[in-house]
């Protein structure tokens, strides 16, 4: 059986949605280009027509708002932002409108838009072409935030997002595009049924990641295993609304917690996970203080020299664990 | 709904606000009724209409349920938004009024998307985006014009140019006092109309909407008008602006769209002063009945605070 | 001596800056109106001229960007947003530009803009006219975030913000405008010297607030005192970059921590404070789990009925403390 | 700096990118050199210039330090931004080049503010905002035009209309292929010029800038041009777009601004082919010397990762 890449899994999610749901359409920058968003949307315009796959002017605000508006009218639109950084122009439609539309009108209306947002960084692209702002969206009630880290989830969370009656930010990371796996047949799953998932069992430390950092956590934990440290690894998958239950149970067992996040530290998802745990376990639960690995407190550097120090990687994680915890 | 009923409803709300019966801010459109009434006559329930902060007339234009408006303004659970919105958050899904909110220009791209949906659904339905002159200063308005044009989206932008954005007269904010130049820059067919002339508004919107239903394309109507009250709440003479004079207001009141219509009909002998009086009485009764009813309704249940944040629970 | 209100203290901060620094100018919506921003800017246009006090079109994005640009050219501009909700249109200039300008050019340039942002809520204004997004900005390296809670700080933090060579978001809350105090003479203090401040001593629980929630914390703690609970109260003042030192010392003493925040819970400032503490104290430090009081997980309601339940207040805080901690 | 040097510098960068000597993305403006060169001739060090993602020519227009450009593109600590920026983040404070960044339209309101600062400082200095045709689709551009006009801000918007926004031809993104209609809508004086004619650009910008220095006002120049390379990096024939043909490119190459100038001067007998050859050799030498020097420079210190996040430490 041929393995599927993460990027092809996204493509197959789009394909499934477009084939089965005539209400699905996609708009965003680069959709008619063969290279803009990797090959995650390759030839969709040719297969489903330029009416349903709309490449847009450089107008993130109007395009995002348009997707929100179309979603209010019974469509299932997906708006694509090839970089999360560009979405800073589109915040009103996301936060003031989509996230609140159902609530403001007492549930009479809803805005089931999907906002696909790509984390695209490294390669000396610098401060404005590198950001991972998932924690911002996870701060906002009314908007669901998902970050697939596995190939399977890359496809399945996309499908669940688009079929969700609520607005969803679906965040994929280009650093995951080459991951491969065998995909199971598609089974539609309601997004509200999905929660953080245990990807590896262990009983000495709970490591939590999301998106690319889950992959780092997994890889690191496998190496740790050979050092005799048995880590349990969780993939957040759904960052908002955040359900801490399974992680809580894990920490009660492992008594150690590490969160790895691909975003910034302050007011980030790592602080949320840690706080959600410590406020809910007896104070004598943890053997070591909970820890987080995040980006340093600076914008993304352009320099290759700095990029190496800026981004977490397997070795740094292993070293951090060995230095910070007493097993 | 007729201009006089809308007028009377807003005056009722103004009084209630003054008497502290209404909790949240209310933005009254008294003086501007002709626009929504003229446009709405062309609409059907499957069209998609978006308003803004000053939208009582926009929703009453297509949904004549006064009780629901009053109840919403009073925050009652029988209101248009189940009491969860108040005056600034109105919706009536079954009539195609898909929402009004107070972020200036916030609904403009949403209406654009609603029009795009219509085009994809090939329904012949159109989108209406009501916005003010101030809203044309937000960049997303211009983005929306371009996108509407380049994607042939059936959306009618209805700009109620009342010359003010809260306290600021147009002349302090823009180089010219009219905005249809923006439509022209985007090659969008547009017409500048007298916003206090319901017949002209009806004619223009009717022509544009007929065309849009056949061939999806954006259009823009700029209706010049004036609001009689201050920017927010019931006062006439404060909160109204750096460049607004009593004299201007009096002159604009002479151009009252309601009196103009009624006088014109009386001149043409298709209406009489007596009939007008009878109508006025009926309108007042209608207002009072619905108001009293709304007053008696309940507030939302305290326990519903967390309801409807998500559709999935 | 006549006491000054919080709103007059802001006004006097503006007055001081405009009088002493010709590079200071202000732009934003409502600056020529007598009522738009309370009376925090009353008659400044008359006193300093409409050239320096610029009331603008409804164009948050361009106006914020213009302030950033002017700051790069040696001016000390202040851009005023009468509601924080409106700033969702201005995120690019704040987050992609101002916060990163110094870093991207290796320190050659800097953008010492001040962005004054008002939290303006309650009164059934609803979901789009109520937000407190300070935690968002505290997530972004490169931008300083201050929230004055006292009358003294209302003036002094404004002055420090405008004189700072870094971009600053200065956040005031209309619910504080009627607070009064005697003001000390003005002494310019560099913003980087300012840290969270202890406003009340105690040894049984550390309560941390910011802006309006500090006032709530103070008032509640005074009442708690009469119940025999000795709370130590901290006012964050500077949320980003966040210096946890003094709070840490306090928690080591009190062994209990409560954070009250006027924003949302998930990925909010309350999680940041809690995480910064728990990751830095020995695991057996706390007697009770750390706690947070924040907004519920929903947009701001319009209904008066719900507003009462939505916002924290003194009674709720006292009850929460009595229910959650064992003294 | 002359067009030929800019051209040669960019070709050097293209090669280096191809040979993987350059790490980050580079956006080359080969074919568009006339614009920055024509405009820059009118500028002084105290003016305030902002670029965007394709700004090698913009900075070289006012700062002829080739070594600093090369060093920056190579990420060396001797570069324009101390190696912290790379090709997409260029600044030269002492020459008035206050920054270029890759967020489309991100610098436009910044330049507006720089112009506002000039006006308040009464310095007679002006702001230059270089932007592309794609950037005119962002709402903040329109907001900036309005604000510039209504506040009489001395800013010259220089729109390099190369008909493409990455892969998308103008005709797929806007109803018309020129954008000076937006200036007109905002009552801003504007001129459409041949972007490959350095003399015309010089004349027009010179006229506008002279007026701006005397009387603060915004102006807009739209220069029609074409880029020879793809959107990003060194390739000619990929990454270039949905509607770009080899034939178009060849035709545009015939309109090479450099050859046009040199041929015109030769025709007028104020220049000779021989002189041109000598010059070309000199240019190449200049390029090579600076490139080699930059290659030998150091990368930023690893320890500087957290420097300059804040000015205060």
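To keep things simple, chains are lettered A, B, C and D as they appear, and every chain counts its residues starting from 1.
Everything that follows uses one rule, which is that a contact is a pair of C-beta atoms (placed from the backbone, for glycine too) under 8 Å apart; a residue touches a chain by one contact, two chains touch by 3 or more.
Small disclaimer: the values here were computed from a predicted structure and weren't measured.
Counted by C-beta pairs in contact, the busier of B-C and C-D is C-D. Chain centres computed from CA atoms place B at the largest separation from chain A. Look at where the CA atoms of chain B average out and do the same for chain D: the two points lie 45 Å apart. Between chain A and chain D the centroid-to-centroid distance comes to 36 Å (mean Cα coordinates, whole Å). Between chain C and chain D, the centres computed from C-alpha atoms are 40 Å apart. Counting only residues that touch two or more partner chains, chain C has 56-57, 59, 61-62, 85, 88-89, 92, 96, 103-104, 126-128, 141-142, 241, 297-299, 301-302.
Each of the following residues of chain D touches two or more other chains: 83-85, 89, 101, 103, 106, 137-140, 143, 146, 150, 172-174, 300, 309. If you draw each protein chain as a dot and join the dots that touch, every dot ends up joined to every other dot.
Those residues of chain C lying in contact with chain B across their complex are 29-30, 32-33, 35-36, 55-62, 85-86, 88-89, 123-129, 296-299, 301-306, 309-310. The touching residues of chain A, when paired with chain B in their complex, are 25, 51-52, 54, 56-57, 59, 61-75, 77, 92-93, 96-97, 101-110, 112, 141-142, 144, 164-166, 190-192, 241.
By the touch criterion stated above, chain B contacts chain D in their complex at residues 137-143, 146, 149-150, 172-176, 181-182, 184-187.
Contact residues on chain C toward chain A in their complex (touch as defined above): 61, 85, 88-89, 91-92, 95-96, 99-100, 103-104, 126-128, 133, 135-136, 138-142, 240-242, 263-264, 266-272, 274-276, 278-284, 286-292, 297-299, 301-302. On the side of chain B, the complex with chain C involves touching residues 23-25, 75, 83-86, 88-89, 101-106, 134-135, 137-140, 165-168, 172-174, 238-239, 241-242, 299-302, 304-306, 309.
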